[in-house]
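First subunit A sits with subunit B, and in the next complex the same chain sits with subunit C.
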Partner chain A sequence: MMSYRAFQTGWGGLVALFLLFLPMIVPEMKIHLATEILIFALFGISFNLLLGYTGLLPFGYAALFGVGAYAAALMFNHLPGTPLVVTLLIAALAGLLTAIFIGSFCVRLRGTYFALLTLAFQMFLYTVAMKWRDVTNGDDGMGVIRPEIDLPGFGNLSLMNINNLYYVTLLIVVLGILAAYLFLKTPLGNAVICMRENDERASFLGYNVFLTKLTVFSFAGFLAGAAGGLFVLFQEFVSTTTIDVHMSFTIVLMVIIGGKDRFLGPVIGATFFLLFQDWISDVTVYWWLFMGLFFIVVVLYLEGGLISLLNLDRVWLWVNRQEK
Partner chain B sequence: MTLLRLQEIFKDFSGLQVLFGISLDVTEGERHAIIGPNGAGKSTLFNLITGLYKPSSGNIFFSDKDITGWPVHRIARTGISRSFQVINIFPEMTLFENVRNAIVSKVNRRFNWGSLLNRSEDIQEESDRIIELIGLTDVRDSPVSELSYGKQRQLELALTLARDPVLIMLDEPTAGLDSEETRAFVQLIKQVTEKKTLVVVEHDMDVVFDLADRITVINYGKVLATGSPDEIRENEEVKEAYLGGK
Partner chain C sequence: MTVSIYVIQAMHGLVYGMLLFLVASGLTLVFGMMGVLNLAHAAFYMLGAYFAYTVTVHLGNFWLSLIVAPLMVGVLGVLIERFLLRKAHKGGHVAELLLTFGVFYVLTECVRLIWGSNPLPVPVPPILTGDIPFMGMTYPIYRLFILLFSAIILTGMALLLMRTRIGILVRAAVSDGEMVDALGTNVPVLFMGVFGGGAALAALAGVIAAPFLSVFPGMGLDALLDCFVVIVIGGFGSLFGAFIAALMIGELQSFGILWIPRLAMVFQFLLMVIVLIVRPTGLLGEKE
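What follows is the complex of A and B.
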């Protein structure tokens, strides 16, 4: 009988191989889609650190994504020689600093008040992006040129090649998701889960509720900022759509549809959401109507989201029964 | 030596006066019960000492430190630990994980992000020691929401003790238990809090006289009397205000 551990590793290996060889399997258009899915997977994982693990639902989460996006776009345009890693790190840091600022007001609150105050900050930043035309070019947005990266051993790789961009995105997203995963396994990550479970009792055990929530909010902002930076690199364009209400609610929908109770739920959510959007927007212009209906169905009848349908434990039991 | 000293504590909630100048000393090693009718201000007093509320005026000293107005988590870290009248645990975790949360805090690794929690053997061993002490080893890995009420009460006590506090404050520890369970639970409290300083709020007079070696009676936000169990039993004022009703 195969051990559960080996079974899990096997599945992980298959997924890894699939992602590595994807550009050889599917046409280029689908690699565009896959890159976008990866970016939103990271964005969703960072969002779910708050929703699923801390028990905080931010309605204005695009603020952190958008600040990262604008930071990256400004770097690409004004300091074009900067190594890509540095630019993305600055995007992530912009997300982090914004999160520290917004978070220091918001994480004192709970529930609806927390949700709405984050929304207020996002609306504020949206207005800045809209009105500060000298820097952001307002609602016309800014085009950016994807840089070349100098990889030792490979020479200069052009990110205009979508396959190269896909691999760069894959690497960064996997590192980001891994960081989030390991974070949750540390004592600090456990403290974050205590905030969701019962922050009052936690404080009576000596946990500093404000600082713990601010820390996870900032870490989420770091990852969201990085995702925003990748999104600009992918779109070759930044505009207020990266920081508007629509973006904020898209990520809420993605994560809830995917499932907030399991770590990879947001990845499933991003994958489904963007695949569905890609397919149905060919069929009808009213695709949001169908997404909305789907959301209602999930909320009513599938509390754990789509990932609750994917139960590896059950597959494992089934496989073992076949072997006997 | 006085461990905890309340000095002329007043508390009002937006105009509603609840405590009128409470002064109280708890000596190290003492088992101090606070009793009084409903609405006397016992719970408010508990919440003031542990930092959930700030007094309107007056000071609270703990080991000669003025802790008045300190935030909850700082008071907890300085060695005051409390339990709750209504079960207050981490509902979606196992018993082991519940206790572990307290141990992580005890060893000051709340902010550690450089190690993996399930590889931290010292934390695991200490958690298991507390679970064994409280007698819950057989349900170590059960989700706490599936435990019986009595076992949740035991966990409530375990979470309070796990930090190895200097002062243990129990808020109606036997609330909701039947008389059989109460008797066993009082034995457990005695056993695990031996040689520690204990402050307990309790309605069950059998429990109070069994546990406490000093009793303070509070009525309408004032200290009515304080003394040994025998003194309290014989006190005319107390009989009239509280015990007399029985």
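What follows is the complex of A and C.
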């Protein structure tokens, strides 16, 4: 009988191999898609730290993504020589600072109040991005040139090559997701889950609910900012679409459809959403309608999202039964 | 001369504020009663405007749309409450919020599918076209009509809530739904009615806004954002608070555009943030 641990490791290894050799299997167009999926997977995971683990629904989550995106774009344009890592770190820090600012107002609130106050801040930042033309160029947006990276052993790699961009994105996204995973394993991560269940009791146990939630919010903002920076790198362009209501709504749809109760739910959500979008936008321009209907069905009948259909435990039991 | 500019601008603000309150009142009533912030409300408002367009253009009668649109949207609201929202109720407020969000998206896309993405003009009915002289300047009659009409609707609503048995039940259910249920009122039916009524009110606001703002698929989202600011400032669930806040936002936008056009949109968010820092529950809201 195969141990569950070995089974899980096996699956993980298969997925890792698949991701590593993807550029050799599929055409270039699909690598584009895969890169986008990776970015939204990271964005979704950071969103779900709040929705799934802290029990907060940030409706205006694009604020953090957008600020990261603009920070990265400004770095690329005004300080072109900066190493990519530094630029992305600054994008992430911009997300973090924005999260601290927004969070200090919002995390005291719960449920609908929290959801809509974050939306208000996002709309505010959207207006700023729209009107502050000297810096952001308004809704015309700004073009960005992907930098070269100097990798020891490989020499200068141009990110104009989509495969190189894919690997860089893969590395950063995996690191980000790993950081989120490890964060949840810390005592702080446990305290957060405790607050999702009952924050009054958590505060009686001596936890500082406000500070803890603010920390999670900021950490999520850090990851969302990094995702925003990667998105600019990927699009070679930044505009108000990175910080508008649709971006906020998109991430809500992705995470709910993927499943908020499991750690990798948002990854499934981003994958499904973007693959579906890629396929159906050839068929009809009204694809948001189908996505909306699908979303309603998931909210009403499939609370765990798509990932709840993908039950590895059941596969494992089935495999074991075959061996007997 | 300058005084009359300010008066005119104040009138513009008042008209927009009243319109805003007409939309926000249904939203805040449903929120106070069911604890659901109904994001689909904005889509009901938009549907009202689109029905006004279809009725006015194809049947040539704007007045008819004042009856047709609220009726149809009201029925739609009742159906959505009965068959979708009630199912989401067990999932808690977040599930309900997500559901109304999904409905908002689907309705917006349906509007795009049926009427297209381009803005559609709705002609002002002939009796109400033109301007009247006003303090040495002129003022569009249709705006005065909006003012008058919303005032009538709001008075009617206030009378309904304060003076009738249904109104008493609704107010009682807002303050303690379980107790009203225990005393023998069918609260789910009451909820369904209020939800439908709120939808009809939003549609009515959409109809009278249609000739004034023209009709386009983004109007729902615009209204949602403004209404949301209104009910946050006024205090969730408080009708009178929403009234004050709607007039404040109306005037703020009107004078903001006059003085600092580039930042007009920023003002209302600043006002909201200030209110939330000073009084986190809004001007007249009770504690969550």
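Throughout what follows, the second predicted complex is superposed on the first by the 324 of 324 C-alpha atoms of A that agree within 3 Å, B and C clash if a C-alpha of one lies under 4 Å from a C-alpha of the other, contacts with A are read in each partner's own complex, and residues count from 1 in each chain.
Everything that follows uses one rule, which is that a residue touches a chain if its C-beta (ideal position, glycine included) is under 8 Å from a C-beta of that chain, and two chains touch if they have at least 3 such contacts.
Note that the structure is a prediction, hence the values are computed from the model and not measured.
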item: Partners on subunit A (subunit B, subunit C) - clash or fit; value: fit
item: Partner chain in contact with A:L89 - subunit B first, subunit C second, else both or neither; value: neither
item: Superposition-derived comparison: subunit B or subunit C, residues of subunit A touched; value: C
item: Which superposed partner A:A191 touches (first subunit B, second subunit C, both, neither); value: first
item: Partner chain in contact with A:T212 - subunit B first, subunit C second, else both or neither; value: first
item: First, second, both or neither for A:I31, with subunit B first and subunit C second; value: neither
item: Which superposed partner A:I177 touches (first subunit B, second subunit C, both, neither); value: neither
item: Which superposed partner A:Y113 touches (first subunit B, second subunit C, both, neither); value: second
item: Contacts of A:S203 with subunit B and subunit C, given as first, second, both or neither; value: first
item: Smallest distance from any CA atom of subunit C to any CA atom of subunit B, in Å, after fitting; value: 12
item: Sites on subunit A touched by subunit C in the complex; value: 55, 57, 105, 108-113, 115-117, 119-120, 123-124, 127-128, 131, 245, 249, 252, 256, 286, 288-289, 291-293, 295-296, 299-300, 303
item: Contact footprint of subunit A on subunit C as seen in their complex; value: 31, 35-37, 84, 87-88, 91, 93-95, 97-99, 101-103, 105-106, 108-110, 112-113, 221, 225, 228-229, 232, 236, 262-263, 265-266, 269, 272-273, 276-277, 280, 288
item: Touching residues (chain side subunit A, partner subunit B) in the complex; value: 182-183, 185-191, 193-194, 197-198, 200-209, 211-212, 215
item: Residues of subunit B that touch subunit A when the two form their complex; value: 50, 71-73, 76-77, 81-82, 84, 88-93, 100-102, 104-106, 109-118, 120, 123, 159, 162-163
